[in-house]
Amino acid sequence: MGFYEKLMSLDRRWVYLCVAIAVVLPFLLEEFGVPIFIPPYITPEVKSVYNFVEKLREDDVLFLAIDYDPMAKAELHPVARAVLKQCFKKNVKVIISALSQNGPGMAEQLISQTAKEYNKVDGVDYVYLGYKPFPALVIMGMSQNFKLFFPKDYYGTPLDSLPMMAKVRNIKDTKGVIDVAAGSVADMWINEGAGRYNYPLALAVTGVMAADYYPFLNSGQLFGLVSGMKGAAEYEYLMEKGGYMKKEEFDASRGMPIQMFAHIVVILFIIIGNVGYFMSRRKKS
Amino acid sequence: MRRQLPILVVFISGIFMAIQYFVPSEPAEFVQEYAMDWVIVIGVFAMGLGLWSLTKVNWIKVQRQTPGWGYNLVTILGMVFMLVVGLIWDPGLGFFPGEKSQVSGTWFMNFFWYIYLPIQTVMFSLLAFYIASAAYRAFRARTILASILLVTAIVIMLRLIPLGAVSGINQWLANWILIVPNMAAKRAIWMGVGLGMVAMALKIVLGIERSYMGRD
Amino acid sequence: MSLVDFMWMSIGALLTLFTFSYLYKDNPFYKFAEHLVVGVSAGYFAVLLYYSSFMPKVIDTVFRPIEWKYFILAFKQIKPEYLLAALKGSQWWYLVPGILGVMMWTRFSRKLSWISRFSLAFYMGIGIGASIPLTLQNYVLKHLTSTIQPVNFTSLTGIWRLLIVILVFCTLVYFFFSREHKGAFGASAKVGIWVLMIAFGAGFGLTVMGRVALLAERVIFLRDYWVELKYFLYMLFKYGMLL
Amino acid sequence: MIWVIAFAQEESPLPPSQVKVKDTPNDNGHSLTITWKSSPDSAKILGYEILRSDSPDGEFKVVGQALATDTLYKDKGDKEKESPNYFPSHKNFYYKVRAKTDGLSSESEISLPAYAFQQWYHAGKTPVLVAVLIFSTLTLIFISKAKKGKELYVRPLAGIGAVDEAIGRATEMGRPILFILGLGTAADIATIAGFTILSRVAKRTAEYKTRIIVPCNDPIVMAVAQETVKAAYMDAGRPEAYEEKNIFFLTSMQFAYVAGVNGIMLRERTATNFYMGLFYAESLILAETGSIAGSIQISGTDQMSQLPFFVAATDYTLIGEELYAASAYLGREPLLLGALKAQDWAKGILLICLILGTIFTSLHLDFFANLFKFSLE
């Protein structure tokens, strides 16, 4: 068997070995204190979400919808956290809702933790509305008046008594909505929310869902889209470049080297196989 | 009769359920819920058959001491152990133990967490290796079709690898593939599958296809 | 972490390694793990089915509501009206599927096994019948309506929509069975199979990420175990020195 | 804060008018639909409250809320008498609608009474019913045509052509054939398509005297598979060769089942593997293990997400609809081929609707697309 034929019929255990190395290597390097970081390619749809928040001025209000449950935490938590950090650092005010049934507790943890980091006060710098069932209805309601479904916030304080809510009556009074969602709530924000009441909307969704939402990006119904772990890693990188985040705080980006290496391994083996195929065919002819 | 009558039963129950779908009234609703329970209850009793089959196949090997019969014994013991702790030992509340067997720390749940789940998740994660070896083995540009398959797969995978300006074009191409040809193929497959499924269902209900119902 | 938890986690880690060893080649460790998981999971599922389906659908509907006091009296004193009182709360009609279920067990006997065909017939008939309208609705009509979109030549969205319609058309043409793929018909079918291959390539490429994440998760599990193990060995060593 | 005070000084809003109640259509008779004309002050109101009573001078209780832009509300309850949310049929109810601002409100006049009753036909599902009727008629027409002995052409399918060759290969090698019916239940149509293919394959293995192994993931699937194979052996005239122990149950849990099947492939060294039915993530594990064991593999599934892996890792794949057509191809029975012709006609109709629909919709004539729109409400 010639060299090229051998390239075509490598024992598959070599492939396994390379995949194993690609996955284990980043862990080992981290163990020895040399974490790898490869700057990702920044897609325009993530960049536009970042820029949107970046352009907000002090005391502007952003609406952040946290519509996922702990099942999708690994993929979506990093984006939600990054957006919150960016806002808090810029002194942008945030209103947050959590319309996924098992999500509110998790969202509360994230918010109070991040707020503590930046010394932000509930009711002054941010408001957490919490959960109400029937998301489509709640979204329409919030677009008209927050008090319709949330006379009180998550902690039981009447909205009227929150200084921050004096200026904002409904979502249209905010600068826009960033919805971090796993599941059909994203569709409801597009159709029932931004579609009816016409405010800027961006989505952050899981990797599996992303393909379904690109058409909305093209048609202009969304101004940005962050898809899964990869989008989150891009966002974190932008945050780092903008000085909002340190590399040690990275969350999604830590998993990315593994993904990159594994993808490179797969592509390399496809190339090896094809080089072997073409060269051995050329030799024959 | 042993074959015709069951096929008649399929016909009647099939037509009945198909019509029921268009009737919103309360009796129809009751019938639908009741019929779904039939399916569940028959399935539960059938589990007895399944366990019997698993035991028999393995027990024959143990009895004849065919090579590797020890492993077959492991299967039987594992199954019997789970049944015993799950139904009798762990709940410890007599005949109607409710959901007590789900309590963590019991033998039943420990076996689930530390024996069943690790093996199951590892089997699942083997896919990471297999997806690489399958790509290596199958993605050869032998024909036009194989080349298309290979190129699109690479375009999609390259999204994750930063390549400067190339990434920009690649990203656009990948998104286009996902929202145009990918979407079109999915819709066409689903519509075709829908027609195929209904045709198959009609053939069964009307008794044209009866190869599954045995002989007299 | 308590010692008991540590022991269980060790079993989990060991079985993880056993199963991974299969990648190199089939071996006794994998064989053991495989046979064990088949038995344990079959037993697990049966127990689950017992509590989640048999109890609520048979015991709780038919038997639990029976007033056994009256039931026994009815036979002792031969008074049928007591029987009625005993059965008052019972949803006795759930006995029908129960009987069909028991009929499945005639398969244990070679001679009577044909009786089980009635249970199978109900099972399949109900499932198939219900799926006829549902399939046409959810597979055919739904995707037909979502493909029909206004197209135009002035925006990218409009052009892509038109392209989707054309590609759906070609792909469906590929699935025609009773016409030879020749001429224009054959050309569309050819485009159709290309579209299919593009979609399959995309599907393949998209899945890699999720699968790699699963593997990474297992590596994290083993790494966490390694930390525990180091601690355990350290403690063992320390106390060993003391002794 | 200024905003709050400004609100409190407002006068109460004008009430909504023309409150009408009627039975909610297409339901089981435990719901009423209330409609109204929105309040002239709809710009400043927060929303509406819907109130219900069983007599015009009785106590009205709030049963629901609606948005300021709404003019319709469905008052829906449970059918169980024991439920606290029980909504009786055939009982008259009166309604009022209350417009609400921050602290103030005003009520509409009381509606005329109405009662809820059940329907015997769901009008929203008419497009589905029409589709079922058209498709059934087509099938019946072409089957009766086929009965008259009309010859039908079917184009060749690669996967089907390979079946005989694959069985022959197993026979030559003296090794068994493995048939996997996937993870579906016997009520899933993909699995049933698997049975119909199994029947034809088993008939040939009976003729060739080759062993066929069918490990199952569901006990009922096992029972049906046993019936199928037994009948196939009888048809082939070799009932004595049928062995029930080759069609057995493994386990119902996905990856435990895969582990078991992997073991069978490697140790029985199956020459040919068939995968026909409903498959999920395990598809690639099965196909790769089969390829390690050196088996010829023929697969078929309707699961879009798994087709890429079958296409890449097995030798032949029946894509989507082809899985359902396979039994007709293998059996060559005229009736089944007739049904295939009906499928093609249905596809033709679908294509015409697609093109016409796109043209009409692009010209802003929505009536055509609306013909296919069903509603489950």
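So that you can tell them apart, the chains are marked A, B, C and D in the order they are listed, and the count of residues begins at 1 in each.
As a convention for this text, a residue touches a chain if its C-beta (ideal position, glycine included) is under 8 Å from a C-beta of that chain, and two chains touch if they have at least 3 such contacts.
Note that the structure is predicted; figures quoted are calculated from it, not measured.
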Output for shared partners of chain A and chain C reads B, D
If you tally the C-beta contacts, which comes out ahead, A-D or A-B?
-> A-B
If you take the mean of the Cα atoms for each chain, which one ends up farthest from chain D?
-> A
Chain centre separation (chain A, chain B; CA means) in Å = 31
Distance in whole angstrom between the CA centres of chain B and chain D is 15
Out of chain C, which residues touch more than one other chain, so two or more?
-> 19, 22-23, 31, 33-35, 37-42, 44-45, 104, 107, 117, 120, 123-124, 126-128, 131-133, 135-136, 140, 144, 147, 160, 168, 172, 175, 196-197, 199-204, 206-209, 212, 215
Mind pulling the residue numbers of chain B that touch at least two other chains?
-> 18, 21-22, 39, 42-43, 46-51, 54, 68, 116, 119-121, 123-124, 126-129, 131, 133, 135, 137, 139, 149-150, 153-154, 157, 160, 178-179, 182-183, 186, 189-193, 195, 197-198, 201-202, 204, 212-214
Contacts with 2+ other chains: residues of chain D = 125, 128-129, 132, 135, 185, 187, 189, 192, 220, 223-224, 227, 249-253, 256, 259, 267, 304, 307, 309, 311-312, 319-321, 325, 340, 343, 347, 350
Can the chain contact pattern be summarised as a line, a ring, a star, a complete graph, or none of these (other)?
-> complete
State the interface residues of chain D toward chain C in the complex, per the touch definition above.
-> 125, 127-129, 131-132, 135, 152-155, 185-189, 192, 220, 223-224, 226-227, 249-253, 256-257, 259-260, 262-263, 266-267, 304-305, 307-309, 311-312, 319-322, 325, 340-341, 343-344, 347, 350-351, 353-355, 357-358, 361-362, 364, 369, 372-374
Residues of chain B touching chain C in the complex = 2-3, 5-7, 9-18, 20-22, 32, 34-52, 54, 68, 71-72, 74-83, 86-87, 96-99, 101, 108, 110-129, 131, 135, 144-145, 148-157, 160, 176-195, 197-198, 201-202, 204-205, 212-214, 216
Give every residue of chain D touching chain B within the complex, in rising order.
-> 26-29, 79, 118-122, 125, 128-129, 132, 135-136, 139, 143, 185, 187, 189-190, 192-193, 195-196, 199-200, 216, 218-220, 222-224, 227-228, 230-232, 234-235, 245, 248-256, 258-259, 267, 281, 284-285, 287-288, 291, 302, 304, 307, 309, 311-313, 319-321, 323-325, 327, 331, 335-336, 339-340, 342-343, 346-347, 350
In their shared complex, at which residues does chain B touch chain D?
-> 18, 21-26, 29, 39, 42-43, 46-51, 53-54, 56-57, 60, 68, 116, 119-121, 123-124, 126-127, 130-131, 133-135, 137-139, 149, 186, 189-193, 195-204, 206, 208-209, 211-215
Can you check the complex and tell me which residues of chain D touch chain A?
-> 1-4, 46-47, 65, 67-69, 102, 292
